[in-house]
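Okay, handing you the structure first.
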Amino acid sequence: MDVRGARQAVEQLIDRPWFQGTVIAVILVNAAVLGFETSESWMAEHGDATHAIGWATLVVFVVELALRLFAEGWRFWRSGWNVFDFFVVAIAFVPGGQASGVLRVLRILRVLRLLSTIRSMRSVVAALIATIPGMGSIAALLVILLYVSAVMSTELFGATDPEHFGNLGSSLLSLFQVTTGDDWANVVRPTADAHPWAWGFFVGFVVISTYVVLNLFIAVAVEALDRQTEEDNSEMVDEVEHHMDESTTAILAAIEDLKRQVSALEARLEARD
Amino acid sequence: MDVRGARQAVEQLIDRPWFQGTVIAVILVNAAVLGFETSESWMAEHGDATHAIGWATLVVFVVELALRLFAEGWRFWRSGWNVFDFFVVAIAFVPGGQASGVLRVLRILRVLRLLSTIRSMRSVVAALIATIPGMGSIAALLVILLYVSAVMSTELFGATDPEHFGNLGSSLLSLFQVTTGDDWANVVRPTADAHPWAWGFFVGFVVISTYVVLNLFIAVAVEALDRQTEEDNSEMVDEVEHHMDESTTAILAAIEDLKRQVSALEARLEARD
Amino acid sequence: MDVRGARQAVEQLIDRPWFQGTVIAVILVNAAVLGFETSESWMAEHGDATHAIGWATLVVFVVELALRLFAEGWRFWRSGWNVFDFFVVAIAFVPGGQASGVLRVLRILRVLRLLSTIRSMRSVVAALIATIPGMGSIAALLVILLYVSAVMSTELFGATDPEHFGNLGSSLLSLFQVTTGDDWANVVRPTADAHPWAWGFFVGFVVISTYVVLNLFIAVAVEALDRQTEEDNSEMVDEVEHHMDESTTAILAAIEDLKRQVSALEARLEARD
Amino acid sequence: MDVRGARQAVEQLIDRPWFQGTVIAVILVNAAVLGFETSESWMAEHGDATHAIGWATLVVFVVELALRLFAEGWRFWRSGWNVFDFFVVAIAFVPGGQASGVLRVLRILRVLRLLSTIRSMRSVVAALIATIPGMGSIAALLVILLYVSAVMSTELFGATDPEHFGNLGSSLLSLFQVTTGDDWANVVRPTADAHPWAWGFFVGFVVISTYVVLNLFIAVAVEALDRQTEEDNSEMVDEVEHHMDESTTAILAAIEDLKRQVSALEARLEARD
C-alpha cells in the first residue's frame, strides 16, 4: 500500500463512529483524572494509578493527533479547531511543563477538546461566536460608559471610599459589579452616606448601564430569532409560491384549452373556405 | 354485570368532572395536612384530628388508584403519570415508612399529583419538559465551562481561599453561585485581593458564563416563540391561499364563460354548415 | 334647563381636556402633599399650609366625583375604575379615618388615581392585567413547587437552621428569596455546611425554579410579541391580498376584453346569417 | 481662493477617513491621559509629560472644532452632536476650570466624543434613545408604584427601621434597590421581623415591581424585534408580489395570445365578407 492509500485508510478510520466515541471517552477519562488530581487525600492513596491513567490518556491523544496529521497533511493546520487540539496536547511536552504551576493548570483545557470533537458542540460554539460581532457596537458603548464613570468616581469618591474607588482599577471593578446588579447597594452605600448627591450619580449609572446591558441582550436575542424567522419565512414563501404556481398552471391550462377550441374553430372556417 | 361492563362503568365514573374535582380537593386537603404537620404547636393541640384527616385522604387515594387500576388494567402502567401517582401513594405503605425521616419527607410529593391530575397543569409540565432537549448542547457547554473553571480555580486559588475553592466540590458550588450572579463579588474578593490577576480570570468567567446562560435562555425563548410563530404562519398561509383560491375560481369561471361563448359560436357555425 | 340637559352639560364639562388636566394636576399636588407629610421637620414648620392644601385637593376630588356621579348616574358603578376612584376618596371620610394609622396610609392610594384618570396609563394597566391569565398555569406550578420544597426543607432543615427554615412560613419566604436569586448562597450555606447532600437539594431547586420563572417570563413575552405579530401579519396579508386583487382585476379585464371580441365575432356572424 | 472655496476644501478635508481616524486616535489618547491622571504615583513621576500630552490633545480638539465651525457655519449648531462636542471641549477654557473639582471631572466627558465621532456608535446611541418613548407609560407606572410604596413604607416602617425607611428619600432608594433585586431580603428583614405582616407588603411589592420591570424590558424587546420583523416582512411581501407579478404576466401573455388568435379569426371572417 502506498502513502496515498495509507492516508485514505487512516482518514476512513478517523471518521468511524467508534473511533470518535473512543476519543470522547478518553477525553472524559482525562477530565476525571484531572479532577481527582485536585484532591490531596485521593492522590495520597491512589496517586500512582491516577498518574498512570493520565499518561495513558495522553498517549491516546498523541496517537490520535499523529493519525490526523498523517491523514490530513498540511490541511490539518487550516482549521482553528485542529490547531487548538494540537496545542492543548503539546502543553504536556513543554520542558518543565509538569513542574510549572501555570502549565499544569492549562492541562485542564484538554477537556475543551470535547467542544472540538463532538460535532453538535462545535456548531453550538460556532453559533455563539457568530453572534459576537452583532453586539460589537453596544459592547463598545458599555465599555466607554464604564471607563468614563470609573474615571469620574475615582476623582470624586477615591478619597471617601478607597476600597471601592481608590484607583482606576478598583473603580472599574466596582462599577462592573454594579453593572451585573450584584450587591450594588453595599458598594455604593459608604460613598452615598458621605455625599448624598452621589445617589443621583449611582442610580443614574444603574439605570443607564442596565438599559445598555438589556439592549446588549436584546441584540443577541434578536439575532437568534432572526435566523429562526428567516427560515420560517422562506418556508412560508415557498408554500405560498407553490400554491400560486398551481393556480397559475390551472388558469394557463384553461386558457390553453380555450386556445385549442378557437384553433378548432379556425380550422373549421379554414376548411370551409 | 360482567367484568367488562364493570370496567366501563368505572372508567366513566373516573372521567366525571365531580370525581376529578373530588380528587383535586382531597390532594389540596392532604397538602394542607402535611403543612400543618410541620408545626409542632399545632400538632400538640390538634395532632389526632390532623392525623385522622391525613389517613382519610390516603384512603381516598388508595380507592381512586384501585378504581383506575381496575378500569385500565395493564394499560395503566404505560403512562408515566400513572406510575408516578402509584409510587407517591405507595410510599405510605413501605414498612417503617411512617418512622423513617426520608420517606416521611417524600409524602409531600403527593402534592405533585396536582400536576398529574389537572389536565392544564399536565400540558404545562409536558411543554416545559419538551423544551429541555433543545437546550441540551448549550447546557452541556455550561457544564464543561463550570468543570474546567472549577479544576483551574481549585489548583490556583485552593490555598488562598479554602472556604470557596478548597476542593473541587466547593469550587463547583462557588462558580455555580457566580454563574447565578448571586453575591459573586464577595466570593471572589478574598482571592482577588491576594492575586490581582485573578480579577481577569473571574471577570472573564462572569462575562462568558453570563453569555452562555443568556444563550441558554434565548434558546428556550426562541423555541417557545417558534411554536407560536409556526401557528401564526400557517394561519396566515391558509388565509392567503384561501384568497388566492377565490381569485383563481373567479378567473376560471370567466374563462369557462368564454369557453361557453366560443362553444356557442362553434355550434352556430356547425349549424350553418 | 332640565335634569337631562344639566347631565349632558356636566358630561361635556368632564370630557374637556382642561378639566382632565386640572384633575391630574390636583392628583400630583395631593401626591406631593402626602410626600411632605412624611417629613416631621417640614410639618413642624409648614404643617398648617400643607394640611390646608391637602384639604383643598380633597374638596376638588369630592366635587369631581359628585359631578361624575351626577352625569353618569347608575352607569358610574359599572366601571371598576370609577369604583376605585370613589373608594380612595371616601377613605378620607371614614369616622376616625384621619386618626387611624392604616387609613392614613391608604390615603396615598389616591395617587393611583393617575392610573385611572390618564387614558394611556389606563390602557397600559389593562394590558398588564390582561397578560395575567396567560401565565396562570405556570404561576400555579411555581406555587406548588415552592410549597412542596418549603414543607420538605422545614422537615429536613428546620432543626439545623431555624432562622431560615424553622417553620413553614420562614421556609416559604427563604425559598421565595432563593427563587428571586437574591443572596441565595448565604441563605443556603448554614444548612449545606451541616448536611453536604443539601447542596444537591438547593442547586436542584435553584435550577428548576429558575427554569420555571424563565418560562413564566417567556409566556408573558410571547403573549406581548404575539399581539404585535398578529397586527404585523394582518397588515402583510392585507397588502398581499390587495396586490392579488389587482392582478385578478387585470386578468379578468383582459378576459372581459376577449369576451367582447368574441361577442363582436358572434354579432358579425349573426349579422351575416 | 475665496471663502466659499476654502469652506468646501475644509469640508472635504474633514470627511477624509484619515482625518476622522486621527480625531478618534486623539480622543483615545486623551482618554488614556485622563485615566493616568487619576493615579498619584504615575503623576508624581510622569506628571509633566502627561499634562503636555493632555494639552496637545486639547489643541487638536480646538483646531478640529474651528475647522468644522468654519466649514459648516451656522448649520453647525443645528446638530445636537455638534453642540455636545463644542461644550465638552469648551469646559477646558472656563476660567478656573482646571482648578475647580467638578469641571475637572467633566473633562472625562470628552471620551464620549467617541460616540459622536464614530458613525456606527452614533447610530447605536440614536437607536437606544429612539426606544425610550415606547417605554414611557410603563416607566411612569414604575415611578408611581415606587412613590406610593415609598410613602407607605415611610409611614409604616419609618420608626422600625430608620436606616432604610426613615424618610421619603431613604424609602425611595431602598425600594429602588428592592426593584433591582439586589439584596432585597436583607433590606426587608429588620422590618419584617418586627411586623410579620410586612412580609406580605414586601413580597407583593417584589412580585408587582418585578412584573412591571419585566414588562418594561419586554416593551423594549418587542420594539427592537418589531423593527426587524417589519424589514423581514416587507422583504417577504416583495418576494411574493414579484412571484405573483410573474404569474400574472404569464397569464396575461396567454390571454393576449388568444386575443391575437381571435383577431386573426375575425380578420379571416372580415376578409371573406
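Labels A, B, C and D are assigned to the chains in the order they are written; within every chain, residues are numbered from 1.
Assume contacts are C-beta pairs under 8 Å (C-beta built on N, C-alpha and C of every residue); 3 or more make two chains touch, one makes a residue touch a chain.
Because the structure is predicted, anything quoted here is derived from the model rather than measured.
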Outermost chain relative to chain C, judged by CA means, is A
When chain C meets its copy chain D, do both sides use mostly the same residue numbers (more than half shared) or mostly different ones?
-> different
Computed distance of Cα centres, chain C from chain A, in Å = 38
Calculate how many whole Å lie between the centre of chain A and the centre of chain B, each centre taken as the average of the chain's C-alpha atoms.
-> 27
Any chance you could list the residues of chain D touching two or more other chains?
-> 181-183, 221, 225, 229, 236, 240, 244, 247, 251, 255, 258, 262, 265, 269
Quick one: which bits of chain C touch chain D in the complex? Just the residue numbers, please.
-> 31, 34-35, 38-39, 101, 104-105, 108-109, 111-112, 114-115, 120-121, 123-125, 128, 131, 169, 173, 176-177, 180-183, 187, 217, 220-221, 224-225, 228-229, 232, 235-236, 239-240, 243-244, 247, 250-251, 254-255, 257-258, 261-262, 264-265, 268-269, 272
Partner chain A, residues of chain B touching it in the complex = 137-138, 140-141, 144, 147-148, 151-152, 154-156, 158, 167-168, 181-186, 196, 199, 203, 206, 210-212, 214-215, 218-219, 221-222, 225-226, 229-230, 233, 236-237, 240-241, 244-245, 247-248, 251-252, 255-256, 258-259, 262-263, 265-266, 269-270, 273
